[in-house]
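Paired with chain B in one complex and with chain C in the other, chain A is shared by the two complexes that follow.
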Partner chain A sequence: MLSFTLKRIAQLIPVFIGATLLVYFLVFATPGDPIAALSGGKPMTPATEAALRAQYNLDQPFWIQYGLYLKNLVTFDLGMSFSGQPVADLLGRAFPVTARLAILALLIEGVFGIIFGVIAGMRKGKFFDSTILVASLIVIAVPTFVLGFVLQFVIGVKLEWAKPTVSGAGTWSELILPAMVLGLVSLAYVIRLTRTSVIENKSADYVRTATAKGLSRNRVVRVHVLRNSLIPVVTFLGADLGSLMGGAIVTEGIFNVPGVGNLLYRAILKGETPTVVAVVGVLVIVFVIANLIVDMLYALLDPRIRYA
Partner chain B sequence: MRISHASKAVALSAALALTLSACGGGSSETPEGNGDAQAGDTSYVVSANTTEPQNGLLPANTNEVGGGRVMDLIFTGLVSYTADGKTQNELAESIETTDSQNYTIKIKSGQTFSDGSPVTAASFVDAWNFGAAAKNAQLNSYFFESIKGYKEVSAENAKKDTMEGLKVVDDTTFTVELSQPESDFPLRLGYTAFFPLPEAAFEDPKAFGEKPVGNGPYTLAEWNHDVNLKLEVNEKYDGPRKAQNGGIDFKVYQSTDSAYQDLISGNLDVLDQVPPSQLASYQSDLGDRSVNSPYAGNATITIPGYLDHFKQGEEGNLRRAAISQAIDRQLVIDKVYQGGKVIAKDFTAPVIDGYSDSIPGSEVLTFNAEAAKKAWADADAISKWDADAELSIGYNVDGAGNKEYVEAVVNQLKNNLGINAVAKPYSSFKELREQVTERKMTGGFRTGWQADYPSLYNFLGALYGTGAGSNDGDYSNKEFDAKLKEGLAATDPAAGAEIFNQAQEILMKDLPAIPLWYQAVQGGWSENVSNVEFGWNGVPLYNEIAGK
Partner chain C sequence: MSENATPKPLLEVKDLAITFSTPDGPVHAVRDANFTVMPGETVAIVGESGSGKSTSALAAIGLLAGNGRVSAGQILFDGEDIANASEKRFVELRGNHIGMVPQDPMSNLNPVWKIGFQVKETLKANGLAGDNPKKRVAQVLADAGLPNPEARANQYPHEFSGGMRQRALIAIGLACRPRLLIADEPTSALDVTVQQQILDHLDTMTSELGTAVLLITHDLGLAAERAEKVVVMYKGRVVEYGPALEILRNPKHPYTQRLINSAPSLSAARGDKHEAIVEETSPAKAEPLLSVSNLTKVFDIRKGFGKKEKFTAVDNVSFEIPKGTTTAVVGESGSGKSTIAQMVLNLLDSTSGEITFDGQQIGNLSEKQLFKYRRRVQPIFQDPYGSLDPMYSIYRTIEEPLRIHGIGNSASRQKKVKELLDQVSMPAATMHRFPNELSGGQRQRIAIARALALQPEMIVCDEAVSALDVLVQAQVLELLDELQRDMGLTYLFITHDLAVVRQIADNVCVMERGKIVEQGSVDDIFDAPKSDYTRNLLAAIPGATLI
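The block that comes next holds the complex of A and B.
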């Protein structure tokens, strides 16, 4: 198990370098001149322009730019944003907020998704099952920004149960509403995934054996059906954590959450390479670690799976 | 200051011209400002929307609205601007000149920065030299180009870092020598770039930009990046813009949509930009707590002179006139902006002293489909426009609302001229600006201007002067340049304005840009505040707002 873990963590290095190189190149290759945009179309003296280009290494060819970036990275210098702030500071502010948002969303979709999914699966074809199926279909079909605006307007503006936007601190309680919006679509998928898996396992031999042995229904569902049904669900949740963190742009925009999604979006539009690469780099790490945790959970859920 | 071009989620930066999102608008007749501030609660902390300042808060490095609105409150210059764009003395005791070229500036004595250090003549001279010097790479450096000796300090690898045109006479007096007479120089002195700096600023400008110490009606107490900027009242400030509230809490919004939701639920006091999605309904939502009025900015379309068929001269002029007359501006304004703009009648904007809506030749800005067709046909007689040829109008998609209005304009061209006009999207502002600055555009593109200071010259010089910094269409007309120079040399501002308007007569013939409409601010405020008025540049006069 330990060597497996170490091996996986070692894999991070090539993945990280490959991802940053690719992203660095993609930002480099996008059309547009960041410095021309900085002036906002107002005049800029040639000296100022040259100084700014030099400051961000934009006067260098690609390989030198990337080389300089890597060189600084070794000393944990992530570079500067165009506003003159260290990218590390930008990340340090945005990531905790986004992490809280993503964890809340993951909890919401995990807990409610599995509970509803199990109930629906155990009562296949009954009223609860049909209702859940239709409801989840609707949630999947409605775009996030519609859900977001509707919930913001109803809960934030009309009912005034919560503020329509999040304060800068991005505390847990403030983030519940955005996390609901963010997690809702995945929640629908988790329900459907759990339900299908439960239905499949319900008729498995070991479940029948357990029932025949006279175990209580509760224990049969919890230990025999649910545990075996969780593998695809856990796989989905693990992969989803990454997309929840990086893909919350719409939700963050609606609720004005100062998180990673918007940081990334703005940086891409500005052509601010160091910020884009740093954000993506951290997301890559999150992805890899989340998948590692998922793999370990497999062993926990199914004793037949072992890692040498 | 330039306009923010972005709007939708991002406060991206800026744009010059180009924009829709502009923040703000101005008006001298705010409906229901509710007048007397005395009745209000002067300890109330007002919350207002902003975008994250793009740079550290240094006067010569702040060239967009997000930083500009804060700078205007934490600093004060020699003069400041009233709501209707007039200048009033702030620190200046007097600004004297006999020839519009040599100025003697006396400042009030006993003024201090909020840290207690004195504001002296050197605070200005040093700050301006700092802003101009090439090694400091300040974005607003070009603002000092009129001062004698600017070339020597602003060139790449410049050896000198002080301009010879600036001389400190004594603690409260300094002189400015310009390289040519420029009568509107005193008007510029209220712009951010001309603010003074305390000595401490030069030791570590970068650190100072994070925690600026100014001399304005407020001090910057806290700056939480991407979240908020908290301004407290500066008790040491003693000028015409005294705070009528207990401070201002600027909240950074990524989109004006979420700011609007905060406004209508009472979580935000002042919003200076209603999102495009709410333009149809904000007046009924807010009633007399809303404003819609023009400010000193405009939207134009530039068809560069380096394009075939559009070179300066008879054919190019006829084609531009045809395009201008083929656009039913009011229809576009009504459909796209719910009537929230005002048809342009010149190249500047109302609210500016000397503005005229009846410049000879301005009928070319009026919709007239027949005249348009005729002008286009006349141009064809000189050199035939290929019927299949495409005329594109470029815009950046990362600014909310750009697509809608450019497409509307393009449709007008298609219908009224019968040509193959297309709207050409650019993925980002930086891409559009790159093509524009490298002169690689293959068609027209959206432009515009938001005034830095209230003066006709600010709209004309930088945009249409030969070789000027923002002359994106490479326009050049000796006659026009001569008129500009003549206007600048006038010693009386009114006489100067008249000459600038004569210069505009030339522009009406050449149409280096095609004016579409004047920008207008659509803003609103909550029930918690009173006396909300928007300035000449569309930015609220924050210091006058009081609680209820």
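The block that comes next holds the complex of A and C.
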């Protein structure tokens, strides 16, 4: 298990270099001059322009730019944004907000998704099951921005149960409403996945044997159906954690959340290579680690899986 | 029992009817079933799949599938009618009053919990765990014949062999000392010798505990050997019921007679054999079509941390198959018999040794030659559910090899498929259907038709009839026999079932752990077995001593 974990962490290095190189190149190749964008299209003296280009290494060829970026990275220098702030600071402010948002969303979809999914699966074809199936289909079908604006209007503006927008601090309580919106679509998937998995497992031979042993129905479901049904669900949740951390640009936009999604969106518009690459780099790490956690949970849930 | 002049029956099934509601309307799985189990007695219910034997037994423990219910009659357990008892009452009864040993040891233990945990929760649910549950668990496992029970309790099901899992399931079934044990085909997934050990052990345990057993089986020989009374079920009805030996020796109902005639275990004991083959093939000192010499296959087994271990699956095996005859390779699971089949089919490379087919070594065939070879040698596999593509119509399944080998045009191929279906006694209309619409026996006929499509000279049957009910098995064996006579086919017949061997083979190779321990003509092997291993295998055929 240890060697497996170390191997996976070592895999981070080529994945990280590959991903940042690709993103660096994409931003480099994007049409439009970042310096022009920086000046807002106003005229600039050639000397100022040259100085700015030199400051951001924009006068160098691609490979040198990327090499310099990597060199700075080793010393934890992520570079400067065009507004003169260190990228590390920007990330340091946005990342915790997104992390809180993602964790809340994951909790909502995990807890409610599994509970509803198990109930629906155990009562296949009954009223609760049919209702949940239709409801989840609607949630999957409606675009996030519609769901977001509706919930913001109903819960935030009309009922005033939660603040409709998020302050710069992005505290836990402010983030509940955006987390609901963010988790809702995945919630629908988790419900459906759990339901299918429960239906499949509840007719397994070992469940019948467990019943024949004299166990109560409650225990049969808890001990023999649930754990076996969670394996595919955990895979989904782990992969979803990665994409939630990537910041939901739409949701963060609606609720004005100062998170990673917002930061990335603005940086892409400005062609601000250091910020874009730094954000993507962090996300790559988050993805790889989330997948590693999934694999380990897998082995924990299913003893037949052993890593060597 | 002896104190009481007329002991009360433990289980009494009276006019039982069980109905399943399906989208196509109600299906009457069991009708008017009557039988009794006395305390401490073993009663066997015998029948083919779909006869209602499992359904009747499952109703007695309240485990009918969701859409099934007892629609009439009574199930009296110790005088109490439990036919439509509440779930709560069944939870009370299960485990400590009525236990169950299920059929398939591979799927009946939860793969994610340790064996010990699964035994312990049984004890706990029935309030029998005591002060030291760990010790109780070890005791229960030891009673079921598991060696080293403390360590075994700490392992997961996938670390157990099939026989060990079945012992664990017996331990669970008997852990709470029930008065009635429902054993649903408890050994049909196991090798004969393991089956014998386990049934012997089950006998000892139940007679020590005074447990009555309701044994469900498709094997009449096994039923007669193990039970005092036999209930024969056919299409949901009890067609014959009485003392086991009486039914076996003097069957009254035509179905029971057919069952006895086609049970390989019983006919093997009688020495029945299709005379036709013997006459035609015994004098033939024909050229060997296939000869295998010094064949060896070594597998690398990964042991973690990059360590490897060598495992010799097939060890220096040599035999010859004369043209137009059948050679059976017999052995228990893990003996290497299927590995030989795969190497003969060239699906697996050998480590050393030679396989010669019709004078040509098949180890170093070019791609083109191999393609030709495949046309001459065709397989039939064990599982007719797995070996036919569910997305292919029967027509497409049978036509595919013809198309691949570029034989005929679409009209002539269609004609050929019709002929092939006719050869295996299937109506031509079958070709528009899909495998899931056919029964196991019908599917195996399709697999045979597919194998015959290219007019091969040799067919490799890898456990081709093991998954089938006795009657269907007998029909398929007869079909293979007919085809051999008509077309001069040569069979390499891989099986674990010595009883089937006697029905079909001319020559036999007995394998144990990769080596051939004995080979010879079928009569030599059965009448004068030389090795202890062969003798053990023969003795383990259930019912062998009864006729």
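The rule is simple: the second predicted complex is superposed on the first by the 307 of 308 C-alpha atoms of A that agree within 3 Å, B and C clash if a C-alpha of one lies under 4 Å from a C-alpha of the other, contacts with A are read in each partner's own complex, and residues count from 1 in each chain.
Here is the rule we go by: contacts are C-beta pairs under 8 Å (C-beta built on N, C-alpha and C of every residue); 3 or more make two chains touch, one makes a residue touch a chain.
A quick note: this is a predicted structure, and the numbers were derived from the prediction, not measured.
**Q** So if we stack both complexes on chain A, do chain B and chain C clash, or do they fit?
**A** Here chain B and chain C can both sit on chain A without a clash.
**Q** Contact-wise, after the overlay, does A:Leu52 reach chain B, chain C, both or neither (first, second, both, neither)?
**A** A:Leu52 contacts chain B only, not chain C.
**Q** Which partner does A:Arg217 contact after superposing on A: first (chain B), second (chain C), both, neither?
**A** In the superposed model, A:Arg217 contacts chain C only, not chain B.
**Q** Rounded to a multiple of 10, tell me what angle the C-alpha centres of chain B and chain C make at the one for chain A, in degrees.
**A** With chain A as the vertex, chain B and chain C sit 160 degrees apart.
**Q** Could you look at A:Ala204 and tell me whether it touches chain B, chain C, both or neither (first, second, both, neither)?
**A** A:Ala204 sits against chain C, while chain B stays out of touch.
**Q** With both structures fitted on chain A, tell me whether chain B or chain C touches more of chain A's residues.
**A** Tallying touched residues of chain A, the top partner is B.
**Q** Answer with first, second, both or neither: which of chain B and chain C does A:Val134 touch in the superposed model?
**A** Neither partner.
**Q** Considering only C-alpha atoms, give the closest distance between chain B and chain C in the superposition, rounded to the nearest Å.
**A** Chain B and chain C, overlaid via chain A, are at closest 47 Å apart by C-alpha.
**Q** If we count contacts the way the header does, which residues on chain C are in touch with chain A in the complex?
**A** 61, 63, 65, 87, 91-96, 99-100, 102, 104, 107-114, 118, 121-122, 125-126, 156, 158, 169, 172-173, 176, 302, 304-305
**Q** Help me check something: in the complex, which residues belonging to chain B touch chain A?
**A** Per the stated touch rule, the residues are 2-3, 5-6, 8-18, 52-56, 63-64, 134-135, 137-139, 141-142, 154-156, 158, 206, 209, 224-228, 251-255, 257-259, 261-262, 264-265, 267, 398, 426-434, 436-438, 447, 462, 468-470, 472.
**Q** Can you check the complex and tell me which residues of chain A touch chain B?
**A** 30-34, 36-48, 50-52, 55, 82-85, 89-90, 93-94, 152-153, 156-157, 160, 163-165, 167-169, 249, 252-256, 258, 262-263, 265-266, 269-271
**Q** For the complex, which residues does chain A have touching chain C?
**A** Where chain A meets chain C, its residues are 3, 203-217, 219, 223-224, 227-228, 301-304, 306, 308.
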